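All chains are identified by letter, namely A, B, C, D, E and F, in their written order; residue positions are counted from 1 within each chain.
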Amino acid sequence: MSTAAFPGTFDPFSVGHYDIVQRALLLFDSLIVAIGVNVEKKTLYTVGERKANIESLFAHDPRVSVQAYEGLTVDFCRKAGVTHIVRGVRSSADFAFELAAAQTNKAMLPEVDTVLLPALPEWAHVSSTIIRDILKNGGNAAQFLPTGNF
Amino acid sequence: MSTAAFPGTFDPFSVGHYDIVQRALLLFDSLIVAIGVNVEKKTLYTVGERKANIESLFAHDPRVSVQAYEGLTVDFCRKAGVTHIVRGVRSSADFAFELAAAQTNKAMLPEVDTVLLPALPEWAHVSSTIIRDILKNGGNAAQFLPTGNF
Amino acid sequence: MSTAAFPGTFDPFSVGHYDIVQRALLLFDSLIVAIGVNVEKKTLYTVGERKANIESLFAHDPRVSVQAYEGLTVDFCRKAGVTHIVRGVRSSADFAFELAAAQTNKAMLPEVDTVLLPALPEWAHVSSTIIRDILKNGGNAAQFLPTGNF
Amino acid sequence: MSTAAFPGTFDPFSVGHYDIVQRALLLFDSLIVAIGVNVEKKTLYTVGERKANIESLFAHDPRVSVQAYEGLTVDFCRKAGVTHIVRGVRSSADFAFELAAAQTNKAMLPEVDTVLLPALPEWAHVSSTIIRDILKNGGNAAQFLPTGNF
Amino acid sequence: MSTAAFPGTFDPFSVGHYDIVQRALLLFDSLIVAIGVNVEKKTLYTVGERKANIESLFAHDPRVSVQAYEGLTVDFCRKAGVTHIVRGVRSSADFAFELAAAQTNKAMLPEVDTVLLPALPEWAHVSSTIIRDILKNGGNAAQFLPTGNF
Amino acid sequence: MSTAAFPGTFDPFSVGHYDIVQRALLLFDSLIVAIGVNVEKKTLYTVGERKANIESLFAHDPRVSVQAYEGLTVDFCRKAGVTHIVRGVRSSADFAFELAAAQTNKAMLPEVDTVLLPALPEWAHVSSTIIRDILKNGGNAAQFLPTGNF
């Protein structure tokens, strides 16, 4: 039984995040979308809003659950009993960050491995930062959000 | 039933490659080490030598098989019925190459997805090119090769 | 009739920015230096100071105008009727950001294209961040500013 | 009157190259697709084949011409009287190469400037190397080639 | 007599920083660990705590001293009479930042040169940011800190 | 007594290489320009030509010597009794290569450390490959070569 955590802030959950979950479900028996909560960081949507939104997107699939967590990702992984961390990677800059994160997490929790999924070309430029920027300015971000999303 | 292809030249198969196979076996039911043969490219070891070497390294694990192939990786994947391609990534430069390869392969064979595993820090600088260079010059490359390797 | 927007914060406008405007004027009939205003971001110079400064630098050239804008760059471009966005690029890190921005902007406003001009070697290390840091600490940043600038 | 040279090997001319020409025509009065000939480099198509192919793709547009050249790009630019070099950029790795090339060309021929166009997301992974590899192995590369191409 | 400044925030001083000092001492007669103080930036440890900690780590070596400074690094270097700035580099992203910093510093203070030491593989993923994150969340960061550190 | 090896192909020795030697002489008591000879690689200048050229450039400075070597750089370093390897770095792409080389060399010869010097902005785009290309095509590469060079 393999279980992946897909950690992120998901403010908001984008088409790119949706694609990663779909592809990760071909690799793992179950997947937890793990919303990292950092009280010092101002977000556009509350944790509750984000959790409800992601849950509704995957309401049809019992393999997907959503949990919010505070603190270190490795501590969450230990408590949740996950076997893998999964992350999408869009660019070399993303990769440099993910490599360091994966290596640090492995140094702290060797039994959990990190799997990286390369972004599809059509989503490689989509980021939550850009979507938030569009939404804050009253723009139309529908093309960057899964159907039924904010 | 998921089956991964781990394509590469493996001239020779390094500790880094060995680590990728071990970690990929936590994700897939079986794995084919797929030795890409390019007749125009001069190699240090023959295909037969490389195949025999990798087979002996995984003789204890029936989930691992070794196959040589000519032509496109996607054609090999189609014939071999694999569900995923798995590759290790050591650096941003590696990643740029792997991202383009993954996106091209997906454009040609959408049903096969690519999974990237970030290299462990201790192997991030190990490459077959460097090992070949050491071996050609009579150096000792033992620390970069799985036990029992060339 | 082609019109480019050169968007940025320009806090302050550097020799590198000046070079980009000069080179862009060989490509476009007119150019708007578009000062992006983000009320949440603390700046060293007010929008008015920056606008007056850039206007004085190009007072001799009627093809150059300066406008401040709030909100999305694509919304500004639509209203201003520009045909292109022009940006300077100094490094691979810059490029990664500009590529994502260009692709997002094109997804939202397909009729406006982005043109990138590679920085001259002598300005490749100059950034407004560094200049601000020098000015805040009472240093001499004259070599990084167009003649007549702050 | 501005004239751009779009230098490359174009072995073969891809959908990505086609897109660059289309977008460059919004910036320049005319454009020369400049096929760099390196007799030491083995190509899949002859210079004649490539020239005829690109000419047929733009037969409808008198602003586009095709020329083959040997030697330095700056020497070609000087003789052809071009004002700009235009190149597409797909990734940070591409950019690093293009930045050095642009800076060297400017050091040798200051009156010609280089303009970079960021690749569209859907073509960012397409390269002539990959297309050649597909064609050599009898694969179907139609989706990476302009309609009517090889 | 050569003297290096090793500038940084050191919040906290990591095994990676410790390694850089040890290796720099093979190049320079003496070394100043220069704690950059930015009153706008919230730190986990006070300047006094960081200074005392680093001093105790090198109490055995009279060649190493520790100084806090405000303002520009080049101003500190000028006053302290250093001949070189030394910095560790872990990744391409680090390098891009260090290259721009080195070039700017040289433009402002030509007589001081910058020397970069590549991180050892085992420390390449260690950053003060990650250590702070672990410590803030009550995790065990001992493996990332020199013996006797916080 | 510290001795650095500055290994490279130096086909030909550029202004950038010259700058690295000058700056390295502030760090080391003596420096060996170590011309790596790879009989499989075709060069523009013979080893003898390159050795004579570099020797004449530093004829005035007894601290600089020139040696050609075949085989691994670490083997040369061991035999020559050097304490450090010094290399110039122009870009993130360069750095990725140098980081892997430095880490591999340290794994094979722990007592020799690698020092990287960031290229000056004015030489950051100069490479021997580009210079050779200019020279082969009858161009004027004088601005990229130390005075008195080829």
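Heads up, the rule we're going with is that a contact is a pair of C-beta atoms (placed from the backbone, for glycine too) under 8 Å apart; a residue touches a chain by one contact, two chains touch by 3 or more.
Quick caveat: nothing in here was measured; it's all calculated off a predicted structure.
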Subunit E against subunit C, contact positions shared by both copies (same if over half, else different): different
Contact-richer chain pair (by C-beta pairs counted) among A-B and A-E: A-B
Inter-chain centre distance, subunit B versus subunit E - centres from mean C-alpha coordinates, in Å: 39
Separation of subunit D from subunit F, taking each centre as the mean of its C-alpha atoms, in whole Å: 33
Whole-Å separation of chain centres (CA-atom averages), subunit D against subunit E: 46
Multi-chain contact residues (two or more partners), subunit E: 91-93, 96, 99, 103, 121, 124-125
Set of all touching chain pairs, with the criterion as stated earlier: A-B, A-C, A-D, A-E, B-D, B-E, B-F, C-D, C-E, C-F, D-F, E-F
Contact footprint of subunit F on subunit C as seen in their complex: 91-93, 121-122, 124-125
Of subunit A, residues touching subunit C in the complex: 90-93, 124-127, 130, 133-134, 137-140, 143-144
Subunit A partner contacts - residues on subunit B that touch it in the complex: 2, 23, 26-27, 83-84, 89, 91-93, 95-96, 98-99, 102-103, 106, 113-121
Sites on subunit F touched by subunit B in the complex: 70-72, 74-75, 92-93, 96-97, 99-101, 103-104, 107-108
